[in-house]
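Read through the structure below, which is laid out as structure tokens, and then see the notes.
The chains carry the letters A, B and C, assigned in the order they are written, with residues numbered from 1 in each.
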Amino acid sequence: MSRLLGLYAAAAFAFLHLPLLVLAVFSFNESRFTVWTGFSLKWFDAAFRDAQLAEATWNSLLIAFAATLASTIIGTLCAYGLWKRSSRAVSGTLYLSLVTPEIVMGVSLLAFFQWLFRYVGMHLGMHTVIAAHTMFCIAYVVIVVSARLRSMDASLEEAALDLGATEWTTFRRVTLPLIFPAVAAAGLLAFTISFDDYVITSMVAGVDSETLPMVVYALARRGANPVVNAISTLIVVGLGVLIAVSSKLQETR
Amino acid sequence: MDRLRRAFLAPGVVTLSLLFVAPLAIILLYSFQSRGVYGGVAPEFTGDNYSRIADGLYGAIFLRTFVLAGVATVGCLLLGFPLALFISRAGKRRNLYLQLVMLPFWSSFLVRTYAWMVLLRDTGLINTALTGLGLIREPLPLLYNDGAVFVGLVYGYLPFVVLPLYATLERLDKSLTEAAADLGASPWQTLIRVIVPLCAPGFRAAAVLVFIPCLGAYLTPDLLGGGKTVMAGNLIQNQFTTARDWPFGSAVALVLMLLSLVLLVVWMRTQSEDAL
Amino acid sequence: MPAVLELRRVSKHFASHAAVDDVSLSVETGAFYGLLGPSGCGKTTTLRMIAGFESATSGDVLLDGARINHLRPYQRPVSTVFQNYALFPHLTARGNVEFGLRQARTAADEMARRVGEVFDLVHLSGKEDRYPHQLSGGERQRVALARSLVLRPKLLLLDEPLSALDPNLRKQVRAELKALQRQVGITFVFVTHDQEEALSLSDEIAVMHAGRLEQAGSPEDLYVRPCTRFVASFLGEVNWVHGIGVRPESTHISRVAPGNGARLVRGTVERSTFLGNRLHIAARTESGETVVTEVARPDAGFHPGEQVYLWWQPQDELAGLR
């Protein structure tokens, strides 16, 4: 039976990885059709030359950096506050934000922003996307940082208080340094989630704030496009590296 | 001391209130109003939107959403359990396999969905390969239908079941399987009569964990189903863009949200510990 | 000498029970004071109230006569050595010891001097740049002590100081702790459940039970003149015969009745254990109570089943027990 299981596992792993591998391979395909005619970097070249793609990538990076910074700080503080004493209201709301379908979050944010803009003269743009991204990343940050806090020795904080440090100083000089790898891991995770987001972004982005996923989506919808293959490969590799580093940081020594 | 703790929670609470709770409150409000003349929102309150959902056309969409999500969940469980079983028996390589399972999941959902378009379309890899091998003459319509959405959902969320199922298998008392073997059960019988029943709670938890995102799926049916497979998520998006009926879209969104909330509560009951 | 620490009718109530109930005690300056009791008796909670990690529900905690109930731990001139030492893993031994001095914004040269002195004091010079995980259990304890002592607190609190150490290290560390305290002259208050530890280390002991203070006094006072049955049986062993308590070392055994005005009972030897330099005999009285006694001569040869007399002098009885 274990041989059968092994064979099955191989097939399952193939199922999980082949689609992306195929995509990666064909991004190096000379022909634009799904017949292999030779190795070529021309699609990558086309991708790099495309002005719209360049701007979209830049937007995505900017948004991801801003949202990561904001959500990591807010999420870490939140995780710490919850660790000191739990709040079912806050934890419950965070869980809810994870479980809410993206489309629901997207339309509700759209409705909220449009309502807000009736009173404050603003439009949808980069800032609304950043705000939205910050929101949905917080729960992930809280999860990662909370996991690390749970395994921390509470008496270390008491020792710091005992030696003359106030609560804030204790957090800064003792707790934060000790949980820092988890905070960094949470940041990388948030970056990945933000960079890749399509659904929510599409609802709250303005005309000047097109992101890379939005461009990819539009191209994919239109039909077969080898440039999309190339971009996709780059995205997957880039984000994959970030996630790999993030999970390494979350390992407990 | 409590003041400080509140200070730590404050930024999170403000962000959640402003960017999560308030938006939901607004669409809750809209869901009880109706579409204005120019596509805006008329101020009178009505329960019409919700009763519309129950009627034929939209009811069918919800039904289809449930069915697709349900079938995808079953598919994930069936495909995921043997994989979880394999990993739990893999000894030293366990963590490596787990990482291999999770890696695609964390890369890019958009790209992973697009990858299936490349595989399934008329000029895609599968059709090209089958035609090239002489097995078919006309390309098979693999894309833009329920089947493609099903494949996309299972592919998208399979890693989501493997982890909890693996955790359940790990927690199993090994001596029970040894006892079964000792009493004469073959590996197959041990699996069916001992392991699977003992994993039942894990199955329930994993099922709910996958069913929720499948229920709220938007991108997968949108890209892989063409315009033909409409799930609740697509309906909502449509109402907020093309159809410009925000109140109705809000009502559908809230129903979907409520379903997800109920399922979340169910899932939390299956857990003995909190993650947050 | 005046009391550096005083607890006046201190109580700590939690939702379900009173962990500390109306405890009053006073600790003299320069003493080595022990809080002794079984687990759950409230001794650790009391220690934490002195340190400031718990606040008393009622009563006063006074340091040098001033009420400190409202002060946070970092405002109290009191330092704690935790049971697991709580050394900061991301700092070296030196970093740990400097922590409190940095908080107090001590000048660099004074800091270096005091750190050097305290490392000498605990015999850890040369290991300042090691991280906690590179030190042995005993060394980590010494870093924890140094970290607290360098701040020259009025009071040093120790939570089960010997429990985390290897059993064969304990006697040695006990002696070192006693010598250290004498040397620095700071008042030490420690918590333990081990009566031997309490008896050998303390100048004064407070025995606690179910949140209440049973008795406080010198080790000799508590052992020779216990006020309650609990204290009598917690510190050392007691033979209870017809409600009267006698220590095994005051209980004698013989085959013939002694005539010297001793009180006696008859009993049957149950078992006799050879312990090298002495014989440990347990005998059962007619009323079913077990009496334990020690005999210095191992070849006295009392065998199970023998009828014997167990006797003691009236003045050796533990009297007036509540």
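Following the convention adopted for this analysis, contacts are C-beta pairs under 8 Å (C-beta built on N, C-alpha and C of every residue); 3 or more make two chains touch, one makes a residue touch a chain.
Worth saying up front: this structure is predicted, and the values here are computed from it rather than measured.
Asker: What chains, if any, are shared contacts of chain B and chain C?
Answerer: Both-contact set = A.
Asker: Whose Cα centre is nearest the centre of all Cα atoms in view?
Answerer: Measuring from the global C-alpha mean, the nearest chain centre belongs to A.
Asker: Roughly how far is chain B from chain C, centre to centre by C-alpha average, rounded to an integer in Å?
Answerer: Distance between chain centres, rounded to whole Å: 59 Å.
Asker: In whole angstrom, what separates the CA-based centres of chain A and chain C?
Answerer: 55
Asker: Indicate the whole-number Å distance between the mean C-alpha point of chain A and the mean C-alpha point of chain B.
Answerer: That gives a centre separation of 18 Å.
Asker: With touch defined as at the start, can you tell me which chain B residues reach chain A in the complex?
Answerer: Per the touch definition, chain B meets chain A at residues 1, 4-9, 11-13, 15-16, 19-24, 26-27, 30, 79, 82-83, 85-87, 89, 97, 99-104, 106-112, 114-119, 121, 123-125, 128, 132, 155, 158-159, 187-188, 191, 212-213, 215-219, 223, 233, 236-237, 240, 246, 249-250, 253-254, 256-257, 260-261, 263-264, 268, 274-276.
Asker: Which positions of chain A touch chain C when the two form their complex?
Answerer: Touching chain C from chain A are residues 153, 155-156, 158-166, 169, 173-174, 177-178.
Asker: Chain B touches which residues of chain A in the complex?
Answerer: Going by the criterion above, the answer is residues 1-2, 5-6, 8-9, 12-13, 15-17, 19-20, 22-23, 26, 33-35, 73-75, 77-78, 80-82, 84-87, 90-91, 93-97, 99-112, 115, 131-132, 134-135, 138-139, 142-143, 146-147, 167-168, 192, 196, 198-199, 203, 213, 216-217, 220-221, 224, 228-229, 232, 235-236, 239-240, 243-244, 247.
Asker: Show me the residue ranges of chain C that touch chain A in the complex, using the header's touch definition.
Answerer: Chain C reaches chain A through residues 51-53, 72-74, 78-80, 82-84, 86-90, 99-100, 103-104, 147-148, 151.
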